[in-house]
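Alright, structures below, take your time with them.
Here come two complexes built around chain A, the first alongside chain B, the second alongside chain C.
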Partner chain A sequence: MRKKIALLTAASLLASVVALSGCGGGGAAPTQAAGGAEKTEAKAESADAGSDSKEALHLTFYYPVNVGGSAAQLIENLCNDFNAENPDIVVEPVYTGNYDDTVTKLQTAVQGGTPPEVFVSLATQRFTMASTGMAMPLDDLIAADPDGQEYIDDFLPGFMEDSYVDGQIYSIPFQRSTMVMFYNKDAFKEVGLDPEKPPTTWDEVVEYGQKLTNDNRYGVGLALNSGSAQWAFTGFCLQNSENGENLMTEDGKAVMFDTPGNIEALQFWLDLQNKYEIMAPGIVQWTDLPTQFLAGEVAMIYHTTGNMANISQNAEFEFGTCFLPGGKRQAAPTGGGNFYISNGLSEDRVQAAWKFIRFMTEPERAAQWSLDTGYVATRQTCFETDLMKNYYEELPQAKVAYEQIDIAKPELTTYNAAEIWRILNDNIQSAVVGDATPEEALKAAQEQATEVLAEYQ
Partner chain B sequence: MKTYTRKQRELKKNLVGWLLVAPSLAFMTCFTVWPIFRSIYLSLTKYRMGMAKPEWIGFENYMNLFQSSLFWKVMGNTLFFALITIVPSMVVGLFLATIVNRKSRLTGFVRTAYFYPVIMPMIAIASIWMFIYMAKNGLWDQFLVSLGRKPMNVLSSKKTVLPAMAVMYVWKEAGYLMVFFLSGIQSISEEVNEAARIDGAGSWTIFRRITLPLLAPTFLFVSTIALTNSFKLVDHVVIMTEGAPNNASTLLLYYIYQQGFTNFNYGVSSALTTVMLLLLMVVALPRFLSQDKKIHYN
Partner chain C sequence: MKKRKTIGAMITIFAVLLGILWLIPLIWLIGTAFSVPSFHMTLFPTTSFTLDNIKYVWNAIPFGTYYINTLILVVCTFAVQFVTSTMAAYALGVLDFKGSALVFAVIFMQIIIPNDVLITPNFMTLSEMKLVDTKIGMMLPFYGSALAIFLLRQHFKSIPRALAEAARIDGATTWQTIWRVYMPCAKPAYLSFAVISVSYHWNNYLWPLIVTNSPANRTLTVGLAIFAKSKEANMQWANVCAAAFIIIIPLLLAFFVAQKQFMSSFVSAGIKE
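Up next is the complex of A and B:
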């Protein structure tokens, strides 16, 4: 009996010691433990890999995938190529879900003291990345690089524009997109419209939309779900603003939601639904819209160039792409993810990370990435490669996105970007479902956003 | 053999008891008690992503929440959703239980079929129901169109989004509650039913006068489970609507998640968590304290 008790005592004490040791230090501890385990594992692996790379630097690279297809596999391949070319550096790609998940994981890793050296995050996150000290400014690296300035100047200005925080470069464009209009040429022919003349103004959108709408088909399609509405809305506001102002100031500290131009833009959306009845009422989901377009249920949709591959492979009709039609002017929003380097790394790691970013954005590679995914190639020299030239010959619809970058502006980008997005989305939806007039909705959005941004004034 | 005094013996007995619960106690401390106190502490601070340390601000988070119309909207949604899911899922669960209680060759199959939605993850269920609720091309809208009506696009209207989710949830939850009701029904002695039948009672009378009253403990248990479960829902909101339209489908847990992991506003999200904790305690305590006495346990 006594033996049994002793045994039991030992066992339960052991169990509680184990459990408690995992407990100390509070919230951060488990992540630290997990992150630590990952790192050791990685190190052990590389030690096995070869004795010649004993000194090899290990970099962790977090990347999100936000489009269908095999983007994750492509990233793995690119990293393998990099590691083969640079035996002294080993980049470990870690797939981190979508953009939101990636920020969550990043935050956890930072709290655990094991941030990835390089990561891809939305361009719109750069104010947050800078203000929280999660990413470092890259200006010194660019200055130290022999062709650094040349490299930066080669990026399309429309994309490079949203890499700056207070005049410093915090990110390098990588997987970038813009919104274009896809339209069904067969439907155009059917109702007597010229399939080579897509709409260029809002008035034409209404006019064409009315012709294209019938019992089984809507003329126009826009995704108004949370996380998508604010993107399209940026486009409409740019098209309707007096002097081409964006929704926010360049320093990301203030928003201008309730201007008369923007109120008109939101009213125009409601008119498409309620007055002209050429757009589905309520909220259509971002992911449903291409499906409806492919099924012939909507003739013109506003969507990302990232859907090019999907639509060109699955459309059973002839489709065209065009610039977003303009109100007072033509304009479009850009979007997508950039490269960042974590703050507080040792000098050799920073250099290795920079080398990796340069490698990933080499013209040939950026061009191939664009072909494989549908993202717009980020550098001017990409478009001089044979790869890109052949692609545009094969799929001329893809070229529109590139040409449109000249008139494109960054999407809504501020401090606390996620919260500000949510505020705008919620209020747009309140107008769409009829809880508020466009004016009330945007005034409310302005008020709420100003409150959130107050601490940065 | 050494003899122990009574006190020593008692001490030893207690020690064994403590040691036996030590492992679970350790885990409870780590993963339940500690996080609760940590949340309560964080709820009294300003703590956002990028801040090195939480900054003490007292009850400011709570004051802000109580003044925010969004907070009250979310609370309203949560209570409304609880209201429209608990009673139906209990009624359906009880109904299913009475069906599968009958002996027939198909009993095993039918029980499995009704229980099947329970073992499926909510994420999978929500994804599947998206095909039913999808605008225009979904099963429901297609059904309406085939009747010559207009498609509803239920998930995009503030009036229908929560009821639509509730239907799905009742479908999933009823099978779970059915199991408790079934075991409750089967624990009722057959003699009581037989005696009633001899006295000439019909099956409805038996159900109303015998089964239902004797199921009271089960009802207490099931209603508490159903209520707390309905507060703990988040997966389907993420998959189906992300709170749209205009937060008409934002439930408390989703709001907590959004504050914590989208806005990285840990202070506010901890305050919301504390509110939820209190709410669940308020909901659960009186039920256990008061109703316990009025119920016949057999």
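Up next is the complex of A and C:
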């Protein structure tokens, strides 16, 4: 197959060359080629100028942007700062779309023999990265670093938890988030609820929700679209578990979707919609939920801390944030992207990549990154910086996210995570639209997921 | 007679409704792009007029470079396709050499292979040729087009041989015959293929994203993605619309200016995309 394609490509190439030289009409392509050559020369020159004695090491860094245009600019600036500080290394940042596009580009680049040295991908991708050999374990680097262990211990345990594959560290937390509850204090006052006492249990969610719901407003908002439902579901299942069991085993090889607790959690969602009628029926999109909250159409929403800036800038009412209300216990899911280093690099490149990761996660820098993007700062020392202290003074609502990390657990993470996510999402949706009971849906999800994971046992 | 009139009126009403349906997203997009961001979703803007969204988006990423790159990509790709496809179609449709049916069958099979499947093999070929992250690498896989060859071959076949023979008697060379007889006759096919090729490459996202790394080589769709795919927190519709507006405006203008010609060529070429 590949041969045939190569043959076809060669044939079309030949045709175009013949065409160009034959008629002399399409002069565009040759000038293009010349332009390309010129540019590589220019590139090499600038690299020479960068270092006096030896040639600078070029690293490629793939990063997805998930929180808006300014984040891309911020990353570019951070890389420029790094390059200025390290004249012997040149990091070239490459924007790679969203998380899915990044994985596609990464896989293609690896197969083409030109993998990036460093990349950011979802923490949940780590089993895939390890099993396909795309990323390398970082333990040796940490051990060789004088303050390596200290560095790792400084990360919030809730975030560090999903960096391990079979006991080895494969990734370093970077752009991480958690889910909190945003609530409309004005609406609370309007219906006679204490705006300083947000709901702390599922029962209170129902009780408050019933008071808050009227003709123009729903009490509770949850995004149940594919790609978001699994995140909130992790949270609800953790809250309803006997001993804080997650949806999967720690080694990422098995899922526990159809436990009685989880079935109850899904039933609770349906009850919010159908029994109590305090949540919009059907499926509300993740990206629409904050908009509805800001428009006053929903009084309490489950959403990412990444929305803090948006909501604090645009809310025309007083808003509060709080821990996710608990069922049997309080718990919340974490999410977001981590740094990885590609497998099979030369030693000097690995060292340079590690240096870059250390640079990007320095406390001051991680704190600034958190302020600029809305992600939660990843290290304990970040919260001792003046930057962070001032920020929390200005916007006390933001602090909830940090405090909540103590009780937060990683979101659904397994081998072949993308497929397992799809299975869970599809089945949750079939329950939401009424095609299956929660029990049927989760049993089906369990069966399908077990089949997919069978090859990793 | 009366019946026919009512049917005609109904068709007109239906067409107008379809037209309005087509216009709604466009009206919303332009309205949202040019008004102060609001979190109430309405078809017509309720907030005041502003150019800030456009300004913000334009300055957030190098749209100027992306514009030039997209133009180079679209124009060069089509120019090469124009030459290669004409020659291939002439060879396959007019010259009728031994084995031409087989060659045509092989080319035709390409139409059923979706481009996305070819991303990895194409990338690997380019990687071996050291053409990753170059504009020429981005265009190379599209220099031959099975669809264009097919379209033109069918058109060339329908042109009476007598015309070409008459040209030959008047002393025309093969080049002149193609240039003066075949190409003018196949104008609708060229035009409709141009629309397909240009809009495909203008909108193509994944391939340019994967094959290029440096901003100097990237295209408009990659720029749009920074806004449109940033949906972890909330959708910034004003920015998304502003970016989309910047990107669609040239094609939109081209369509309004030349729509009559496009329509008639699509009708006579008998294709839809």
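Keep this in mind: the second predicted complex is superposed on the first by the 405 of 457 C-alpha atoms of A that agree within 3 Å, B and C clash if a C-alpha of one lies under 4 Å from a C-alpha of the other, contacts with A are read in each partner's own complex, and residues count from 1 in each chain.
Following the convention adopted for this analysis, contacts are C-beta pairs under 8 Å (C-beta built on N, C-alpha and C of every residue); 3 or more make two chains touch, one makes a residue touch a chain.
None of these values were measured; they are calculated from a predicted model.
By the touch criterion defined above, A:Glu92 lies against chain C but remains apart from chain B after alignment on the C-alpha atoms of chain A.
When the two structures are aligned on the shared chain, A:Gly374 is found in touch with chain C, with no touch to chain B. Judged by the number of chain A residues each one touches, C leads among chain B and chain C. Of the two partner chains placed by the overlay, neither chain B nor chain C lies in contact with A:Ile169.
Applying the stated contact rule after C-alpha superposition, one finds that A:Leu74 touches neither chain B nor chain C.
In the superposed model, A:Val284 makes contact with chain B only, not with chain C.
When the two complexes are overlaid on their common chain A, residue A:Thr104 makes contact with chain B and with chain C alike. Touch criterion not met for A:Ile142: it reaches neither chain B nor chain C. With both structures placed on the common chain, the touch criterion links A:Ala295 to chain B and to chain C. Once chain A of one complex is fitted onto chain A of the other, the partner contacts of A:Ser177 are limited to chain C, with no touch recorded for chain B.
Comparing the two complexes, residues 5, 8-9, 12-13, 15-16, 19-20, 23, 26, 104, 107, 288, 291, 295 of chain A contact chain B in one case and chain C in the other. Touching chain A in their complex are the following residues of chain B: 16, 19-20, 22-23, 25-27, 29-30, 34-35, 38, 49-50, 134-137, 153, 155-158, 241-248, 258, 261-265. By the touch criterion given at the top, residues 2, 5-6, 8-9, 11-13, 15-16, 19-20, 23, 25-26, 28-29, 32-33, 35-36, 39, 60, 65-73, 92, 94-98, 101, 104-105, 107-109, 111-114, 177, 286-291, 294-295, 304, 306-307, 310, 314, 374 of chain A touch chain C in their complex. Of all residues in chain C, only 39-41, 56-57, 60-61, 72, 75-76, 79-80, 82-84, 87-88, 106, 110, 118-127, 132, 134-136, 139-141, 143-144, 175, 205-206, 209-210, 213-214, 216, 222, 225-227, 229-236, 239 touch chain A in the complex they form. Against chain B, the residues of chain A that register as touching in their complex are 5, 8-9, 12-13, 15-16, 19-20, 22-23, 26-27, 100, 103-104, 107, 128, 131-134, 225-227, 280-285, 288, 291-292, 295, 297, 416, 418-419, 422, 426-427, 429-430, 432-433, 435.
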